[in-house]
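Shared chain: subunit A. Partners: subunit B in the first complex, subunit C in the second.
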Partner chain A sequence: MSPSQGPVKKLDDKFVDKIGKFVADIKNGKLKGSNNVALSMVTLLENIISESQHATAYELLSLVRSAGRRVAAALPHQLAASNVARRILRAIRDENRASANQSGEASGESLQRLVLATSARRATIGTTHHDLREPLRDHIAELRTELESSSSTVCSAAREHVHADELILTYGASALAERFLRTAASRRYKLILAEGTDVQESHAMAARLSAAGVSVTIISSAAIFAVMSRVNKVVVSVSAALGGGAALLAGGAHAVTQAAKYYSVPVLALAPLYKLCPIHASDDSHFNTLIAPTTAIPYENHEVGDVHVYTPMYDFAPPDHITLFITNLGGSSPSYMYRMLSELYDPNDYTL
Partner chain B sequence: MEIDKENVVQAVVIMDTFNSHFNPIINNKPMGLLPVAGVSLINYILEALAQGGVGETILFCCQDGQKMKDYVRQCTKDKAIWSLTMDVQVKMSDTCQTMGDVMREIDAAGLIRGYFVLVGVNTVTNINFASLLEQHKQTCKKDKGAAMTLVYKKVAWEHPLISSDKPIFLAADASSNKVLIHQKYKPKSTEKKINLPLEVVLSHSEVKLHHNLADANIALCSPSVPPLFSDNFDFQTRDDFIHGILINEEILASSLYYILLKGSQYAAAVTNWKTYQTVCRDVLHNWAYPLTIESGSFSQNNFLFMGNHNFREKSCTLSRSSALLEDVLVGAKTHVNDNTVISKSVIGKNCIIGNNVTITGSHIMNNVVIKDNCKIINSFIDDNCDIENDCTIDSGTIIASNVKVETGSQLKGNILESTEKDQEKLLFKSTSESTEWDNESSGSGGDDFIGFEKNWNDSDSCYSSDSSAETSILDSPVPDDTNIFLQEVIDSLARGYEEKLKCDYLILEINSSRYAYNIQLHEVNFFVVRALLSIPVLSESKNVLSTVRNILQYFRPVLANYIKTKSSIMDCLRAVEDSCIKCEWLEGQSGLILKLLYDADVVDEDALLAWYKDLQENNSLIVNQKSLVKFFQWLEEASEESDESD
Partner chain C sequence: MKKEEVQEIFLKIMKEEEDVSAGVAAIRTLLLVIENYKVTTVRELDLNLQLAVEAMKHCDQPVTAISSGCELFMRFITFAKLDVKSFEECEQIMLQRGHIFLNELLEARGKVAKQAMAFIRDGCKILTHSLSRVVLQAMSEAAKTNKRFKVYVTMSCPDNSGELMHKQLVAAGIDATLILDSSVGYIMEQVDIVMVGAEGVTESGGIINKIGTYTIGMAALELKKPVYVLTESFKFSRIYPLNQKDLPNEFKYLSSVLKSGKDLSKQHPLVDYTPPAYITLLFTDLGILTPSAVSDELIKLYL
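This part shows the complex of A and B:
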């Protein structure tokens, strides 16, 4: 019996309330930043698991899946939240397998056993009725530590990639990129910051970096192509890293990666692993999400009635635009991302 | 949900608009359930309030409160997102007729603990109410008397939010944003001058003038606002309040401020069919983000974006040969057949649209069936209607729910509603109304998004237009109170005419007498006209007619204030009849007086004809007067002439 085939379990009212509260917090802007969202999602799922009545693998899987599905339905753009749900699902499956193996025969690792074990992991959940909550607690704690440290781990790679007298270009404001660039501040490199859609945020970030000792030049995003030939490296933070090695970037960043490709400038994409999503370029639901056009044209003009203004939330950067993903496990090339995907998540959980 | 009661931001939502701009659609359902771009207004406002940091909301319903209550209860049961962070109470009162009554009721019930947000149900906005309210509190620290901060969005002068609504002229002190002058004009007012008193300029170092503000019906209020309404019983609308405060700033010790919204903040109010369309389009174009076509529903991403701001629900089916041109929203489970072309329209859920249908600039609600070869342009069709083959529905036709339109009907600017819900009969309202609803042909050439034009009932008329009320005022003996009232009005007007008082003050006086003697609005209309024709000057004057002309000219603003709706015009005419019978100085002059009123645009032709018919039926004393007969002959000839010249 595979829980991905059965009907979705109906959640208890108290869980529905908790999820609703979580969704409301994000919608009302109390919870911002993908890392914070991921961390509170861990807390939410931990609560749900510890309060669930049954603790068999099947029960827990259905519970976490339906919770994850509910969050994903309400917040399709908080990809980190559904990724966390997938990670926990994987942990439950692993834990179930471990306990099944233990109770069966003595564990002796052999190549044959490893190969056979995968099929057990893929398809069905054993009939064992262990209480998995205790061992899961360790997994969840581990996940939480990973999430907490992920941005510092990513940033610790900064000094490997940014060198003295290099000219680095970044696009728009991003907490992760800012931290990354600040970590490398001792290298005395030069930074060009192309204004993103939120000009004020970009300027504030430039001011903070400048105070940290980085020499920053702000350019308009229209000038990206003109300066690209002089740039040594491009650093951008991704909104989501996709399974095929592509990435979702902030709206407008496609111009950056395209120009970088033209001049063969390396593009470093900062992607902590909680941003790795099992979605592919063919799912178009995320690629044409529109937000308010106020960044492009002010509402005051009465002509707004006659024009169509498209302001996409994300830009899609194909795999060949990205040189290296910097994750918390180190750098990996776009062609290796599919592998990361199967290490982190169970294929049964790609669709929640 | 334990929240610190002291710091919770409170909001009051007035669930009615107290006007008839959306009749007959809101006769059947409350304003809050009117869908804009597929989402009910109540969902927009509740989601906006929850996202704007409001913790407690009071929905104040004057009509259909039970429906609203059920709806809110259902949403809370379904765990709508706003219901988790916000406490929503529904208050009902059937006796409230104006916004002023609502505020007095709120004051009496003591629902407000401190500063609060006051919005109308027709507001669509994405602003952060909590931070704006904080700004208002800062203003209050500087000025203890600050009663209200008005929230405006600056738009271009030609923007439909201004040009199809009442434009505002606002003068304010530049350093403190204190409002000094606030004037509302009639829509499409051709007035080219503004009056700015000299002391406004002299007493402030810098004065800002705004003419291009869109009023989103949002106000941030101090705790003093409800008591102010209670103390001043003539405050009926927010405009009365603003006006009253500005005139009597010293007496009431209150002042007003304003805030302009910044770039990404969107705010607009749905006040009539034109702004309804503008707001619809803005929502489709994502200007109100994060409010979208999916506001209020828990699961998101149910719509597919097809380019050109066309959205379709995942479960709707579109024929391969149908075309969505631009700005189209197609709801769930709707089926669109072959060769149908849709543009700039919103189609609801479970509709069936036949072959070769053209739909442009229209709003079609849920469960509507439209058969083949129909043309629907700039119209509104409510739930469960059936439109048979080959119909043409054009220029602002409004069709209420459960109507069946026969094969081959040609509708132009009509209002249709079913007489009995189960019989599904159709009723054409008096054809005269079609002219009022006619689309403005001159409107920005070729723009098929013009929308619905309507004559402007002034919003502060609280009297629900019940023109069929046969209770003839003449037959009933005049009670004492009304006699005293009439005498008082005559006195005020006579004094006003002699001393050349401002008409605004006279209106105020009449309104206070009205409350003092508890006079119905239609009676007020009647007595004001009656009083105008009974001013003592008339009985003394030699040339009665020229005096009447002068009086009418002088009291034009007073008349304009009372005589606005169809029913009030009838009141006015009845008053003329009454006067002509009772006042000897008007004997035989009725036709000439009507001519004066007609020339002054107080009464219109349709009303005159209807009234004349009434006269004939009732065998009134003046029906055979020479002047009257002559006048109606003249009127008929004039209308024939104008028909020919068309």
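This part shows the complex of A and C:
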């Protein structure tokens, strides 16, 4: 039996406290940025694994899964945290398979398996009672290194995509996009920065890039369509890349990708792989959350007390709006993202 | 072994069990052929099966699913006969594995229906075309979970198979409306998603399905409605049509029409080819795939 079908494992109180602290840190703003969230999730799960009493594959799987579920329920829009849990679940499955000498790929379905009729040989969980903690430690260390280096790996591709004298457009402030554009600074390109929902942040980013030697022009987001015809490339960083090749971007970015599509301007989406989620966009409103409207209307404006202001956190970009995802494993077209999914996660863990 | 006998077995399965798709019926017939007609060499078996496949293709039934199902089965036989020594042993293993294979195929429809469940949202309106058992199952299961949604079913000329689909949807307690084939454009602005089945899936990730699917795909793209295809993976076949003309005639016309020697340009084709550009996602028992993933799966199998 796979733990996904079994009842939800009840977590020890000490683990619940740990998860509670992790969640509180994010909610209070102590922990910011998806990369930091992903890294602390690794630490959290590592602690939980090393302090657990049992270390069989089955135990560990249910432990990590219920921790992942708990975090996902508390922080539905921190998709990176769930992705890390899925990565570790996959590592446990791989280790279990290795220790039980079960060969073959992950338990995913394929025509090949169908035709070879090998259903009886599928890897089972719980057949072995090895202590998996020791080998898992390597996997976790590997995952941590990958997370730490992912943004620099993505940015190292910058000089391949940005060329001299090109006009690049980016939207809003993003640490990853900023680093990417800074890496490409030696190319002497021109940058148009369209103000995102947080105007001050956008201006600060423009100032930093300008100091780094990039020629930056700031435009208001209303002027995106007007300048798009002259733009050579659009660079945006994604909040999440979805399995079908769609992406969640910062609120307001749909207007950018839409305009880019109209003028056939290539859109490069920066997507380190911890942002890749095995969910499909059945309805874009599923993923969206509304955030505090301070960026749109400051609290000081008393006269707008009766106005309802909605500031959605994300925008949804369908697969045909994106030309290329730049991941830490290189460039990948949207229609190929499903392949990345099956490389990183086990199909049984798509729903935690 | 006689051609007529095979045809009889095949047609009997098709007639007695309404719920079985032509591809599965074809594979079951082939298994029965292995079981019932004793042969002594692999070569003989191969010839027998090839004969049976030919026979089934001339049954006056839509050929697309039969041909992809049989192709997959023949591939399966090739894998099976490699790894044993004596022929009797080989035959036993073939039959045993064949039944596992068949069971997997029978489970496929349920798996597909499960994948599609999340995409049928409460309160949504769905357009579907013709009769598709897997779409029917997905919708019935969604209805069982108390989701309320509205379905428009095209009449689907020339055999009006949409009427049967409509009847079965209503029987499952789903709010279904039968519409004319020609009103697809009219209705498209009201629907949220398009859900169709497929008779075959081509290597490019496009589908071969009841005539009219291509039109629906075009209308859906124009109004930016997602098109979801629900299909079992045994319908994947290794053909790569670039346009309607590339589809083999045996797919487009019944064998009786082909044999009669009539001018085909004056006949109604039964299926059309919908290119991958019109398809958003394919729900299969292998998971939710983008159209380009289909060739990946086929390459893994046939390389």
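Assume the second predicted complex is superposed on the first by the 306 of 352 C-alpha atoms of A that agree within 3 Å, B and C clash if a C-alpha of one lies under 4 Å from a C-alpha of the other, contacts with A are read in each partner's own complex, and residues count from 1 in each chain.
Definition applied: a residue touches a chain if its C-beta (ideal position, glycine included) is under 8 Å from a C-beta of that chain, and two chains touch if they have at least 3 such contacts.
Fair warning: this is a prediction, and the values are worked out from it, not measured in the lab.
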Which of subunit B and subunit C A:P347 touches, first, second, both or neither: second
Which superposed partner A:H280 touches (first subunit B, second subunit C, both, neither): second
Subunit B versus subunit C as contact partner of A:L75, first or second or both or neither: first
Which superposed partner A:Y338 touches (first subunit B, second subunit C, both, neither): second
Partner contacting more residues of subunit A (subunit B vs subunit C): B
Which of subunit B and subunit C A:H308 touches, first, second, both or neither: first
Contacts on subunit A seen with subunit B and repeated with subunit C across the two complexes: none
Residues on subunit A engaged by subunit C in the complex (per definition of touch): 108-112, 114-117, 119-120, 243-245, 280, 282-283, 319, 335-339, 342, 347
Complex contact set, residues of subunit A against subunit B: 16-17, 20-21, 23-24, 27-29, 73-76, 285, 288-295, 298-302, 304-305, 308-309, 311
Interfacial residue positions of subunit C with respect to subunit A in the complex: 72, 75-76, 79, 97-98, 100-101, 104-105, 118-119, 121, 233-234, 236, 280-281, 285-293, 296-298, 300-301
Footprint of subunit A on subunit B - complex, ascending: 50-51, 53, 79, 81-82, 84-85, 126, 153-160, 263-264, 266, 278, 281, 285-290, 298-301, 304-305, 308-309, 326, 449
